[in-house]
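Both of the next two complexes hold chain A, though its partner changes from chain B to chain C.
Let's turn to the complex of A and B:
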């Protein structure tokens, strides 16, 4: 665990940079996290995915996988990779301030 | 001291005695595969015939021993040896009905069969497993499918791959997992190990370039096991490509293309297609999730969609491997909880996610892994201080894997306990990390 400052607020993140406490996340932090992940600007489509990730986390307790995201977010998998080239589920979860989506075993 | 029905006591189960004048409850089990068969048989032993009628519904009468599919491409199992009639696997007093399910009406407690027949239930058990959906990957079922692109996850696919391997004289063989979840996540790794042995035996190993391609960030998800299996791939000269999410299969061009634009070439591809739940689950309002799996409490195995719906095996969305051993270990919990539910008693949150897999490593050896929700696969011995070596190649484990075929038909499916193997994961014998 370590502490980083986004939008003037200190937050706790784990070793991979995911929020330890999703309650600490604020919308204004997202652009800064996105830049660290190589996304210079968040478009409306990015936001659609980020808000969807948060909603899924709040209702189900875990973020969706890429495949589920492609089926349910309204953004097809191919476009998800264009929006988040380094891996949609992981990067969108990080920008949305939720834990890394629980993978399957 | 065992409390009847609450603990892992052998042959001590609660009977569900009907009150005089009450009508027998009907338990409908959808799916006559591993989970459906063993839970129906366990329930039949537990519940008096006057108390409950048990009906199993499946679209066909062919029970495939799925662990055997891995061996078929290498000529070590014939298709005839892997299948038996489903209806022959049930105890007397379990009714088998061969019919396709159109959908489930959760509000009416009814299963609608294709053709319009309605079957009412008091308790429904979803045991219809996972389904391969190769058509969901662009190009996978297009040119090259069953010509230079195969899967061994179906009987037909494994038979076709056997011919293709026999004719393969050298080149690039790619083994690729499209995305998780898949049934038996170690099987594609086992395929690589067995392929290495197979080509060695044929004297052409130096002409074959073997590559394992996975969407995961390692050969396996759990650290200790990942280290062991990655090392084994390396020892056997199998290249490992990670975080490769296949977006397209170009059979004609011999390429796998990932969503992020990377390519992996092949002369022969063995793919594990995407998996989903059964179609009827998606057609049934409120029953399944986006992939067609049924939301399920991971401890009680009661569904989260209705209290009178329980789930066993691959059809559940619980965070375990999709494997027969999980269904076996869950069987006792599901059957007991159904009995408790019918008796109006609280359910037991007793399932610990126990999973146990033999991993064939080639040359007549195998590894064994044993784990649950909390404990990752570790080294040591199973099921106790004296037993099969864990996470280590041994001939004993290979013999264990072969013996398992017999146990499957004669112990597992009838819903009996394997001697010394309990449904909860044993800690004794494992090299647990210091707390």
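Let's turn to the complex of A and C:
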């Protein structure tokens, strides 16, 4: 665990950079986390995925895998990888301030 | 933290349902982690990207002690089909995609799908027999070029 500052607020993240407490996340932190993940600017499509991640986490207690994202977020798998080249579920979860989704498929 | 794996090349050589899924899951998982991934289909594994055959992959019920089924029973007509159907239902309940759907999704993730030239020649399989997501039929030498700098996993 370590502490980082996003949008002027200190938050706790784990060794991989995922939020230890999703409650600490604020929307204005997302662009900065995204830049660290190699995404210079968040488009409307990025936000669609990020908000979906938050919603899934809040209702189910866990973030969706890429397959689930592709089926239910309204963004197809091919586009998900264009938006988040380093791994859609993993990177979107990090930007959305939720734990890394666990799932094999 | 130990060094991360950046790239994997996964060889699928088996033509049974249980022989194909592990390689697909590993390739899909590699892309989900942001790694570069290539899939190389060889020998009976080619069936996983064969237009006419990829929907009909079966579980081997003979010579498969993991099924806990007597060998003589596994050889009875229809047993393989029944066991395959049973497994497919269980997978569907867990939202695990069928082989055709899974292969298509893996291609969408940006993984490269390739078929083995020696096997294609051996079975008389041409480019037209394979699903469109297969990028090329390549030699073993070309496979090693593609795999350079990454891990190779044989399944």
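Going forward, the second predicted complex is superposed on the first by the 103 of 105 C-alpha atoms of A that agree within 3 Å, B and C clash if a C-alpha of one lies under 4 Å from a C-alpha of the other, contacts with A are read in each partner's own complex, and residues count from 1 in each chain.
Convention: a contact is a pair of C-beta atoms (placed from the backbone, for glycine too) under 8 Å apart; a residue touches a chain by one contact, two chains touch by 3 or more.
Just so it is clear, the structure is predicted and the values come from calculations on it, not from any experiment.
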Of the two partner chains, chain B (first) and chain C (second), which one does A:85 touch, if any: first, second, both, or neither? both
Looking at A:72, would you say it contacts chain B, chain C, both, or neither? Reply first, second, both or neither. first
Just chain B (first), just chain C (second), both, or neither: which does A:1 touch? neither
Chain B versus chain C as contact partner of A:102, first or second or both or neither: first
Examine A:15 and indicate which partner it touches, taking first as chain B and second as chain C; both and neither are also allowed. second
Contacts on chain A seen with chain B and repeated with chain C across the two complexes: 65-68, 77-78, 81, 85-87, 104-105
Show which residues of chain A lie in contact with chain B when the two form their complex. 64-68, 71-72, 77-78, 80-81, 85-87, 102-105
Which residues of chain C touch chain A in their complex? 1, 25, 28-29, 31-34, 95-97, 102, 105, 108-110
Contacting residues of chain B [partner chain A, same complex]: 179-181, 185, 216, 221-222, 243, 245, 247, 259-260, 274, 289-291, 319-321, 355
Within the complex, which stretch of chain A touches chain C? 15, 65-68, 70, 76-78, 81, 85-91, 104-105
